[in-house]
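For reference, chains read A, B and C in written order, and residue numbers begin at 1 within each chain.
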Amino acid sequence: MKRHLISAADLSRDDALLILDTAEELAQVSQRSIKKLPTLRGRTVVNLFFEDSTRTRISFEAAAKRLSADVINFSAKGSSVSKGESLKDTALTLQAMGADAVVIRHGASGAPHRLAEWVDGSIVNAGDGTHEHPTQALLDAFSMRRRLGPLDGRRVTIVGDVLHSRVARSNVLLLATLGAEVTLVAPPTLLPVSVGSWPCEISYDLDAVLPKSDVVMMLRVQRERMNAAFFPSAREYSRRYGLDRDRLGRMPDHAVVMHPGPMNRGMEIAAEVADSPRSTIVEQVTNGVTIRMAVLYLLLGGAELEGGAQ
Amino acid sequence: MSDARPRPATRGPSEPGSTTSSPSVANVSRAVLEGPDIHRALTRIAHEILERTKGAQDVVLLGIPTRGVTLARRIGERVARFEGVQIPAGSIDITMYRDDLRLRPARPLGRTELPPDGIDGKIVVLVDDVLFSGRTVRAALDALGDIGRPRAVQLATLVDRGHRELPIRADYVGKNLPTAMSEKVKVFLAETDGRDAVVLIKEGDAK
Amino acid sequence: MTAYLIKGASILGGDPADLLLSGGVIAAVGVGLTAPAGAETVDAEGLVALPGLVDLHTHLREPGREDAETVETGTRAAALGGFTAVHAMANTSPVADTAGVVEQVWRLGQEAGHCDVRPVGAVTVGLAGERLAELGAMADSAARVRVFSDDGKCVSDAVLMRRALEYVKAFDGVIAQHAQEPRLTEDAQMNEGAVSGRLGLTGWPAVAEEAIIARDCLLAAHVGSRLHVCHVSTAGSVEIIRWAKSKGWNVTAEVTPHHLLLTDDLVEASSLGAYNPIFKVNPPLRTREDVEALRAALADGTIDVVATDHAPHPVEDKETEWGAAAMGMIGLETALPVVQLAMIETGLLDWAGVAERMSATPARIGRLSGHGAPLQSGSAANLTLVDPAARTVVDPRASASKSRNTPYEGLTLPGKVVATFLRGRPTVLEGKLA
């Protein structure tokens, strides 16, 4: 393992499998009456959230607390950050506090990389702009593996606003590392022009891809995108790229439906699909805590890791 | 016994002071227990457990990964053979409770598999391969406390090599093995290592 | 005024010769010249003599952003880089869109005395792209403005651009266009390509530059005006300019040193860290293919000149997340070394070619008399002496600029300016300000 988890590309296949296997063991802890382990006693984890994301922050907070770490929540709203303090000054504050790990959510792509230049602790990227969200990809892979077994050769279809999705970027990288075959489905306007260089297939036709998918992951599509002419209307988007009951019926019986949340019910996913037994959406939340425990344990649970590769 | 030649282990024992095998070790290590000795020791432990717990009522065997799990299974089989009672055997990983985590990079976790009925009100017999400082057992006691409330906890070990650093003693001992601090004890079991043996390695000979 | 006898300099890389500077001009050039009484002798053995460099594109930041640069500090850096004249861009605060502001900048340059400062006038009032600034008043002012640019912003309105091109013909001016189609580059952060896709940074497509250049070439041809294209950065732009020149249209173009050397993958991985805004610049760093095309174009004359786009920013505007950081890099002191690395050491240009592209042609485009003249008897004594064998590791703290935002930190660059003379007076001697 490297010292930071900023991109899914930071993880080798062995690293990724170690995290998933560790999470598999830690999943038991969530079933116990005492859900706490003493492992990170005396370690400090700072949740540095420049964007509102209650669910991700709570997930990291629960994970750190179950490992007995001290958790400091530092949210940008109402703090010195909203009064114009720079990321660097915030970093120096965290450094002075002796944070062992900083979990950062930031609206700017690359903010975690910058932070890693300025603080000594491990940096965990909890979502940066339109770049990456590696723990989301890990929990998605974990959820898939629990439903379907090993991911080698499994066909995963990711549908929606890939261009602006940090979840899609991390998933493509991690799933390729784990041997899955990824297909991205989106209107061409919502794919990066360079997507051909990514380790995945591209399709504009959801109906053609569904019958050969083991997993269909729906991405959130923001309605505002249609104002920038990415697609003409919510109705047209939903018709061409939304997952409704008919399309669910075209998926193989064993295939599962995923969504990183928050969902636009009726837009990219029909309510009855989101709530169907084929959907892993509720498990994804539970698995989020488990996978983040695994990540925090592997980054902080041993001797300090050297910079770069161990 | 001078021909003892340990085979490569898939994974080293968890007790501090153990070592993984290397070719240079083979020439200078000494097997202190061979397969038949280990079999006899486990048989005796199984009998003692039956005796001490009056027929192994409510006993749960929990092995400490990796080799403690194998030993627990073997003891359980013997109890079943002697008395016809099936006693639950499982495993308890103590990695997250270790007090030396910061000395090495984060370790992979072992398996924790508890019997379906749990451990509340049961007599838990912890099983490990080598009893040394006692720190592993301390961690196991902490782990047990977070999982449930056994009626009693007992400890079985294949080898007690002394040098305790905590007030801990074993209830069932396969062999008391006087050692120097500088020596290392390594347990090989057929299930994980291809053969049964306990090997004593002199300091300075390893590597 | 002291005379200087420069002994044994290799003029434009040719055979060693002596140059006698006296009375502000080159009094004599030849072998074995003797120093007149009272003259100082400069040993130039192993040094290349070039006409003083002329930069068509410098941001001196004064007035308004004196925390980033002043005319004094910026022209010091220019002199140390071998420049005897710089064109100060108009995007100051207030904007250089009136005779008053351009005269102020011009006067500050005179007072500093490290090199000539020729202000660039804004094309539109406040760079707002709505109304023409008083171009004629700036041309007629003491600053004698001939280059007009909204640099930093594109004159995107086609009608306004056409009128500006036409209007400046009256005083032989030129519009220097910052070619950036605004709608295609909203919130754009870096070159649109494989790297931007991976990094999740909003792409800045090459077409946003090329579309404007194509339009402006056609406009310039239609109205018979001079067009100068600032900081060309893509292979496609080169093709369009090559085509326009083949038609005989009056189009010139510049390339920056950094676009001749650096590529967009530095944003993803460099020794200075990923997402380091030190590499954030407008136009953005492009691909290896673009760099190769720009070098070839500079070599074959499709691109006429090298211009620095020296853009100082204070530390706090760069030590931040990528999206919030300012665009631009300093470059006056590293311009000639980077050109030596990219063009001379690759065999694409010789020193005479460099002198053409960094002195004579920019002076001609800017209608700047007294600069860029050949190093011969009677020319104004504007020249610089370069040690091409020197190697320097770039240290941002060593810069004479007020700012530290050089992308070359830690890089070993060839060549060092040893001396610069402005009308016979040394501004730099022995590599230090005189």
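Note that contacts are C-beta pairs under 8 Å (C-beta built on N, C-alpha and C of every residue); 3 or more make two chains touch, one makes a residue touch a chain.
As the structure is a prediction and not an experimental result, all values here were calculated from the model.
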- Which chain lies at the heart of the structure, taking centres as C-alpha averages? A
- Message: By mean C-alpha position, what chain is farthest away from subunit A?
- Response: C
- Note on the structure: Check: interface with higher C-beta contact count, A-C vs A-B, is A-C
- Message: Nearest whole angstrom, what separates the Cα centre of subunit B from the Cα centre of subunit C?
- Response: 75
- Query: Distance from the CA centroid of subunit A to that of subunit C, rounded to the nearest Å?
  - Reply: 45
- Message: Based only on mean CA positions, could you tell me how far subunit A sits from subunit B in angstrom?
- Response: 40
- In their shared complex, at which residues does subunit A touch subunit C? 86-88, 106-111, 113-114, 116-117, 128-132, 166, 169, 192-195, 197-198
- Query: Residues of subunit A touching subunit B in their complex?
  - Reply: 1, 18, 21-22, 25-26, 28, 32, 34, 36-39, 67, 297-305, 310
- Report the residues of subunit C in contact with subunit A in the complex, numbered from low to high. 189, 192-203, 205, 273-276, 316, 319-324
- Taking the complex as given, what residues does subunit B use to touch subunit A? 93, 96-97, 101-112, 142, 146-147
